[in-house]
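Please go over the structures that come below.
In the two assemblies presented below, chain A is common to both, partnered first by chain B and then by chain C.
Moving on, here comes the complex of A and B:
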């Protein structure tokens, strides 16, 4: 293998695939990056056996070949080089690469490309196309609600459902549920149901920032892997096997009280309440008071810590229904408010012990269900 | 007092004590008689925990009219005839003690008819004396009603538990029979209410399902090693269902061992079973298992104990290893083995030991003993217990378990789990004291299926559970919905954790000790585990929380949360002084 490419491109490519390099592993080869020539490009791949990322770097290929190199070392060295042409050459004994850029050169030992775990390829399957910015928004609204602990593995994933002209993402951790629905670029003929690891979607969210062309999602017929096609990047992720809770039945269909408030104000009040909630077990209490005789209603946001003190914030609210009280974990409340963007949000409640629903008013099709904390008022 | 021969009635009452200990043992003896009579359906009914009434009805072979009265004579049995028969007992009973013993301490009515006879017989016995024996119409089979149990033996009565507790023992007993005889239909009614019913379909997994619920039953792994006929090691058959490695219980109450369909208790065999799980289960977790052993009758002596709960094997070590091997192989066959793909063998050679690495520790005189002198040292340099903990500076983490910190006069090692346990324990105790547990609702209620023993532990504190932060609702027979739980559990599996806690705290009475046990159990289950890597901030936060507790130096179980290596100790070890 002998090729040349620009330092800038190589560095960007390595940073991209670096997200899939295993951090702690019993299989040292997964801490390597696979470099191989692919027609007139250099193909870079990394995998931690759950997620694989592949990208291509424009290069002038003089001789074909492949090798694996420790990712961290290679990335750090390439990043330290000036933005000029980098010449890369495979060295047979010991196996590795020789790099030269301006007046710097280095030899890095690697391993035979044969030893690299095969990157799964998805040849056929059901394909759906989604606008990248729509998908990025959808992931940001849902992925934080997925569980981080492995006690119920299906909950560490996000349920992806694609059918007709729409896609649905749902994440839940046993205490809260987030569901986002959005449009597809073109309708699908066959439905897709898959549980994608939340970590895969977080990485995808990062990659989507500068994408403009529709993202292609392909699920293998065996439903064991998902392939995500971006411009110049491919991700392949294992899917989580199991049964995701039937989330539709967890979304309350009616409410006793609905309060519409400004997101920014609600968010600010929740953040200041969370400071006091920190020492008081993380409880934020919400009280919704309907307006009387044409006066605007109110939402009162309070928290208290036994020895530290307490606080209270009042914001205007358009209230439907009766006065209501509900208490939430401050983390759950601030997290959902921070991923929503602007405008108005509605809080729908029935009793202090039944789930609360937070959703944007108009625009997005997004629902967030949070189980309350049972407190004494 | 002169020595006298006891009156026959008194002697019989004393002897009865060995066989008939409590209502459950009466039920056991009567059900065993039914099974020995080849019944395919046995129904049991008890009132008032069995003290008011026990009735066992079977559809077995019945007793001919001329023998019915004889059945109440001590050592009268139709099951063996000679001493040689004792060597190869195939029936459950054989001692001829059951009916007379029961009759000695209660009023018994026996109604029986062999299918081939036209009229049945009714025999009534009180205080060991036959008071009536008349022909009477009867369905085929035998029905025995026992009333006024132990009324004539107040001493025994005193040691019985509440009717509910005795009923629960009877239920456990019937469930053991259902597991031992999956082809027999069992039905149990307690105070007129159906409490348990097995289908008698002959399938062990179905029988398990009626006791532990379908979800658990489906997950169990099958163990099957048929024994060859004849004698010696190969003749031991092992069949049963065992929990997969990812399912476990907090007590040994879920081991059901049967030897030739006889329920037995054997510490040795229980140990063999747990040995098979070596490496699959965490410490202090136990498997759930239903094991049928088939041993040639000559290889075992069941005549050790009147209630026949203990048996003696002639070749115990062979039974031991047959059981262990069978269970182990079922587990290994199903345990997840990491898949190594072809061409994926790790390519890195083992690191070459460096010069420093090869130095052996032989020169070091003896294992340095760390003085657990935290409290004394703390007493010298700090005035309150919290002060040592508050002045610790985190250096790092060892084995994802111990926090290494620098503090007054040397180095401190803090056990992260024990420390967190202490923090949570005091928090939970505080919440209990203020009657203000912090409770988080569950998005989907967890369904908890409880065996009778745990159901009783639950019932013993009824409404109180909500006061401690558990919001429960009855969901069906033996199953409950857990709708909310103390907020500190967030990361654990709600259903399993709740069951473990029930097992740990048991039924303890009163609120003082029980509440403490509950708090300590809650703390233990939600504390950070050994093996979890913590960030510098998390460790610092944990130490700060620890310093704010009343007893920062021990965990609720009394183990130390930290050990101290004094500066002077280090100086000595390094030869500086």
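Moving on, here comes the complex of A and C:
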């Protein structure tokens, strides 16, 4: 293998696939990046066995070949080089690469490309296309609600459902549930149901920032893998096997009190309350008070930490129904408010110990259900 | 036969503190060991090895008397930290069997083994297994009583000592208890025992034969309960520490204290202990109680409630100090001091997917 490419491009490519390099592993080869020539390009791949990312770097290929190199070392070295042409050459003994850029050169030991775990290829399957910015929004609203603990593996994933002209993402961790519905670029003929690891979607979310063309999702007929096709990048992820909870039945269909507030005001009040909540068990208490005689109603946001102090914020609210109070984990509340867009949000509650619903006003695309904290008022 | 509602195991470490000393120091094995306060002061025997018991030494006996009975005994100061460590090891083994473990003290616990018996595992196998594991993994010996209630299980383990395993089969509780002297029953101290003797009641069988009315006339509300216990009827469940209704700590002074400064210092230590345990359990309590025992054994308890539940050392200390202050009169001498916090505020994150289930949220999560 002998090729040359621009330092800038190589650096960007390595950063991209670096997200899939294994960090803690018992299989050292998964800390490598696979470099191989692919027609007139350099193909870079990394995998932690759950997620694989592949990208291509424009290169002048003089001799075909492939090799695997420790990702961290290669990336750090390439990042230290000036933005000039990098000459890359495979060295047979010891197996590795020789790199030269301007007046810098290095030899990095690697391993035979044959030793690299095969990157799964998805040749056929059901394909759906989604606008990249729509998908990015959808992921950001849902992915944080997925569980981080492994106690229920299916909850560490996000349920992806694609049917007709719409897609749905749902994430839940046992205490909260986030569901986003969005449009497809074109209708699908066959439904897709899959549980995608939340980590895969978080990585996808980063990659979507500068994408303009529709993203292609392909699920293998065996339902074991998903291929995500972006411009210049491919991700292949294992799917989580199991049964995702029937989340639709966890969304309350009615409410006793509905308060509509300005998202930014609500967010600010929740953030200041969370400062006191830090020392007070992480609890934010919300009281919804209907307006009287044409006056606006209120939402009162409080938190207290014994010995430290307490705080109270009041914001205007359009209230339907009776006075209500409910307490939430400050983390759960601030997290959901931080992913929503400007505008108005509605908080719907029934009792202090039944789920609260937070959703944007005037859009049916997002709903967030969060269980309250049981507290003494 | 109808399956009884529960099977309870009472496990009790034999001569706990003395055994730990013998375990840590092989030179002490086979010798009479007395662990407790100093023989010069008002120290009492906290624990003594079986070798010492042959001389008539019993725990809670004054150390001075114990040394007279057993002049060759090795007297040691207790190393509570070490006992706590070993106790944790033993409790951890119980916890592997079931979360339903109710520790009563460092060396005693109730374990709810109903789920194992329901699965068809014989009670003797459950008890034998645990005895074996505790011995192999900690080097300590437990005596085990198994029955359909806490009080019968405890009596069974007491009777089985040392190194015993005694199962009271369902339906045999009353015949098991009948021949035993009344003092075996929890809640029957020397005073009650005397009163019962005057009535001609010597055994639990005698007591069990009386009517509720008879018991209530003599012992008030307590009577009915004593009667039920003597018949082997006790439905109290095994209560894990999490579900405990209060947390407390107390200390018996080596010499009666009257100096306000010295008492206040002791109070602070107790408050610290309680505050630490509260935060470890993620609990906050609204009521602070101070317990005082005077030199004539009169026991006073004083409590007050706070506006907000707390686990904070300063809040507990300030409240306890106020309660104590009212009881400190010149010349009043105290034997014992205790501090407790109760009336816990439950703060729990409710679960979305398992209705009715509450995931206890520990502070600091």
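By definition in this document, the second predicted complex is superposed on the first by the 375 of 377 C-alpha atoms of A that agree within 3 Å, B and C clash if a C-alpha of one lies under 4 Å from a C-alpha of the other, contacts with A are read in each partner's own complex, and residues count from 1 in each chain.
Definition applied: contacts are C-beta pairs under 8 Å (C-beta built on N, C-alpha and C of every residue); 3 or more make two chains touch, one makes a residue touch a chain.
No experiment lies behind these values; they were computed from the predicted model shown.
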Three-chain arrangement built on chain A, chain B and chain C clash or fit: clash
Touching partner for A:374 - first (chain B), second (chain C), both, neither: both
Which partner reaches more residues of chain A (counting touched residues only), chain B or chain C: B
Chain B versus chain C as contact partner of A:245, first or second or both or neither: both
Touching partner for A:285 - first (chain B), second (chain C), both, neither: neither
Touched partner set for A:115, first chain B, second chain C, both or neither: first
Contacts of A:174 with chain B and chain C, given as first, second, both or neither: both
Partner chain(s) touched by A:27 [first = chain B, second = chain C, both, neither]: first
Which of chain B and chain C A:307 touches, first, second, both or neither: second
Contacts of A:353 with chain B and chain C, given as first, second, both or neither: both
Candidates 364-372, 436-444 or 562-570 of chain B: the single one with C-alpha clashes against chain C: 436-444
Where chain A meets both chain C and chain B, residue numbers: 172, 174-177, 245, 250, 281-283, 329, 353, 355, 369, 371-376
Of all residues in chain A, those that touch chain C in their complex: 172, 174-177, 245, 250, 281-283, 304, 306-307, 329, 353, 355, 369-376
Interfacial residue positions of chain A with respect to chain B in the complex: 27-29, 111-112, 114-115, 117-118, 149, 151-152, 172, 174-177, 245, 250, 281-283, 329, 353-355, 369, 371-376
List of chain B residues in touch with chain A within their complex: 341, 343-348, 436, 438-444, 471, 484, 487, 490-494
Residues of chain C touching chain A in the complex: 284, 308-310, 312, 314-315, 345-354, 358-359, 361, 363, 365
